[in-house]
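Next come two complexes built around chain A: one with chain B, the other with chain C.
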Partner chain A sequence: MKLYLYGIIDSSDQITESIYGLEGSSVYNIPFCDIGAVVSEISPPIQGVTEGAVLEHGAVVEKLMADFTVLPVRFQTVIEGRDNLLLMMQSYYKDFKDNLARLHNKLEFGIKVIWPAEKIKENIIKTLKKGKQKDSESNSSQGRKFMTEKFEKYKIDKEFQAKADKFIKVMDTFFSKFATEKKLRKLKTEHLLLDAVYLVEKSQESNFREAFEHIKSARSDFKYLFSGPWPAYNFVVLSKQSALLTDSQQTDLLDKVTQDQMLVGADSI
Partner chain B sequence: MEILDRVLDKGVVISGDMVISVADVDLIYLGLKVLLSSVETIEKLRGSPFTGPMQEAR
Partner chain C sequence: MIANTIVETESPEEFIEEIEKAQDCLPKKIDANPKTVEKGLAKLVLTLIELIRKLLEKQAMRRVEAGSLSDEEIENVGETLMKLENKMDELKEIFDLKDEELNLNLGPLGDLM
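Our next item is the complex of A and B:
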């Protein structure tokens, strides 16, 4: 039996709501100590990477998010049987617990800012030309021309980057006020000025949205994409040591797993 | 697109000590004898990550 894993939640209780996952399979929680792995049983061959399957996976995680703190698991993670899943939970238990505590009552928001790169560059070129002393081009050698062009390009790029830094700093100052963690990516492409994700306390959600609206109204020539709230897809941090618990640590954890927990879901195997 | 980006590329990745491929399914052997399969990895290795409607979206 293959178990398709959607996420790890901060509860060992059974899910009361009926949730259906991939291939219409019933979603249930397999407890391990005080946390749980949310799975559904799927039969091979495993469904391919289709848009429908991705959306089904996402929908399950979002439903869980309404009642639990969720660590979303990467699409198409399939575990061979319940015993293996419990072993995996055992090996990652400390990591999962730490993340669940850190991400409790927090939401992820995505912000993308697209700026008019061509226009920005044009303005930079104009400004640089103004400040430039006129060379007598006729006297320039080919080599000198080449070097001058290279240097001009370098100056434009440098100024372009500096402008990007400046805009991002202003925006991030607003957003960071209401966020506990963030990940920013500058100029993923020339037009995508900022691709950011912020982790926000649930109580700060409206403040964060307001900050976004404020920034949005400041530059109407920029385009903005706001998304969320999401489960913390971008903020789960697993340590490398999780699979390397000592034998005694593993024994301690196994002792915490009650006989009842070992039997949950066993009737459907 | 935002949800596709997250579900496909983000979230908990259960990693292992070594990766082997058996009968078209990627198997990751964890130190604790856990077998996991990741179809996404296979698709990436094949270089054709999407089928059907997703092709247009990319």
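Our next item is the complex of A and C:
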């Protein structure tokens, strides 16, 4: 029997609400000490990643999140049988407990910001051109011309990055006031200035939302995306070694967890 | 009680476009298809060459900025970097690769370039 794993929760009690997971299967909790692994039984191997299946997986995790602290598990994590699941729980128990304690009463929020990259660059070019004009004309060799062009681009890019840092710093100052942890990604694309996730205490949720509204109104030429509350997909941290298993035992165990993902929150939402 | 997760934006299409752009260059799995293995290998090798080329270029720019290169050195470095860039363009064309494709996802460390 294969068990599809949705998440680890801070309770060993049975789930009272009826929750249905992938392919309409019943979701239940397998207790281990004072925590539990939320699973459903699946018979055939999962056929690739479909939008429907991802949404079903996400819906289960979100339902759990309403009543428990959840360590969301990556989509398509399947374990061969109850014994292997319990072995895995035993192996990672301390990690799970540490994460559950750290993430208790906390929610994840995502913030993405698009900035007008072309306009920002144009302004940089204008400013840089003001400073110099005579330089490039007298340089005739190909190598020299190439270097001059590259150096211009280098200066523009350097200034572009500096401006991005400046804007992100301002925004992050607001959000960080109400967050306990964060992960920021700068300029994933030229336009995507910021792709951030923040871990926020439940009690700070409204303050965090207010901070977002404040930032949003400050720059109307920027575009914003706010998402959440999510389970802490991006803040589950597992130590590499488990204290309870030897290296070879651990390798055996990991082999039994099908798919290439182990337990950690998904990379992105 | 349900968590009431929301995704709120006034520009959904733009965000979708940017997210897709960011994901396009980050293959999560190696494409081991026999028909495309040559291209896959070329992509990996060219990504590494491109990384080294960009590092060399950046270092050269830093030295120009600091004024530590003589005119002659600037000409020599410029010509070398230009030839390297031209050669890379040729190879990209041969293997039908775009600039955005020459990148690697290093997991928690982010992207290579």
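The rule is short, and it goes like this: the second predicted complex is superposed on the first by the 230 of 269 C-alpha atoms of A that agree within 3 Å, B and C clash if a C-alpha of one lies under 4 Å from a C-alpha of the other, contacts with A are read in each partner's own complex, and residues count from 1 in each chain.
What we mean here is this: a residue touches a chain if its C-beta (ideal position, glycine included) is under 8 Å from a C-beta of that chain, and two chains touch if they have at least 3 such contacts.
As the structure is a prediction and not an experimental result, all values here were calculated from the model.
Asker: Give one of first, second, both or neither to describe whether A:D67 is in contact with chain B, with chain C, with both, or with none.
Answerer: The second partner, chain C, only.
Asker: Determine, under the contact definition given at the top, whether A:F160 touches first (chain B), second (chain C), both, or neither.
Answerer: neither
Asker: Regarding the shared-chain residue A:S227, is it in contact with chain B (first), chain C (second), both, or neither?
Answerer: Touch status of A:S227: both partners.
Asker: Considering only touches as defined above, state whether A:L238 meets chain B (first), chain C (second), both or neither.
Answerer: First partner only, chain B.
Asker: State whether chain B or chain C is in contact with more residues of chain A in the superposed arrangement.
Answerer: Touching more of chain A: B.
Asker: Based on the superposed arrangement, let me know which partner A:F174 touches: chain B (first), chain C (second), both, or neither?
Answerer: neither
Asker: Output check: A:F151 vs chain B and chain C. Expected answer is one of first, second, both, neither. What do you get?
Answerer: second
Asker: For chain A, which residues belong to both interfaces, chain B and chain C?
Answerer: 225, 227, 230
Asker: Contact residues on chain A for chain B in the complex?
Answerer: Touch list, chain A to chain B: 2, 5, 7-8, 44, 46, 48-51, 54-55, 57-58, 61, 71-80, 84-85, 87-88, 90-92, 110, 225, 227, 230, 233-234, 236, 238, 243-244, 250.
Asker: Which residues of chain B touch chain A in their complex?
Answerer: 2-4, 6-17, 25, 30-40, 43, 49-54, 57
Asker: In the complex formed with chain A, which residues of chain C make contact?
Answerer: Residues in contact with chain A: 1-12, 14-15, 18-19, 21-22, 57-58, 60-61, 64-65, 71, 74-82, 110-111.
Asker: How about chain A: which of its residues touch chain C in the complex?
Answerer: Touch residues, chain A against chain C: 62-63, 65-67, 107, 112, 114, 141-147, 150-151, 154-155, 185, 188-189, 191-192, 195, 223-231.
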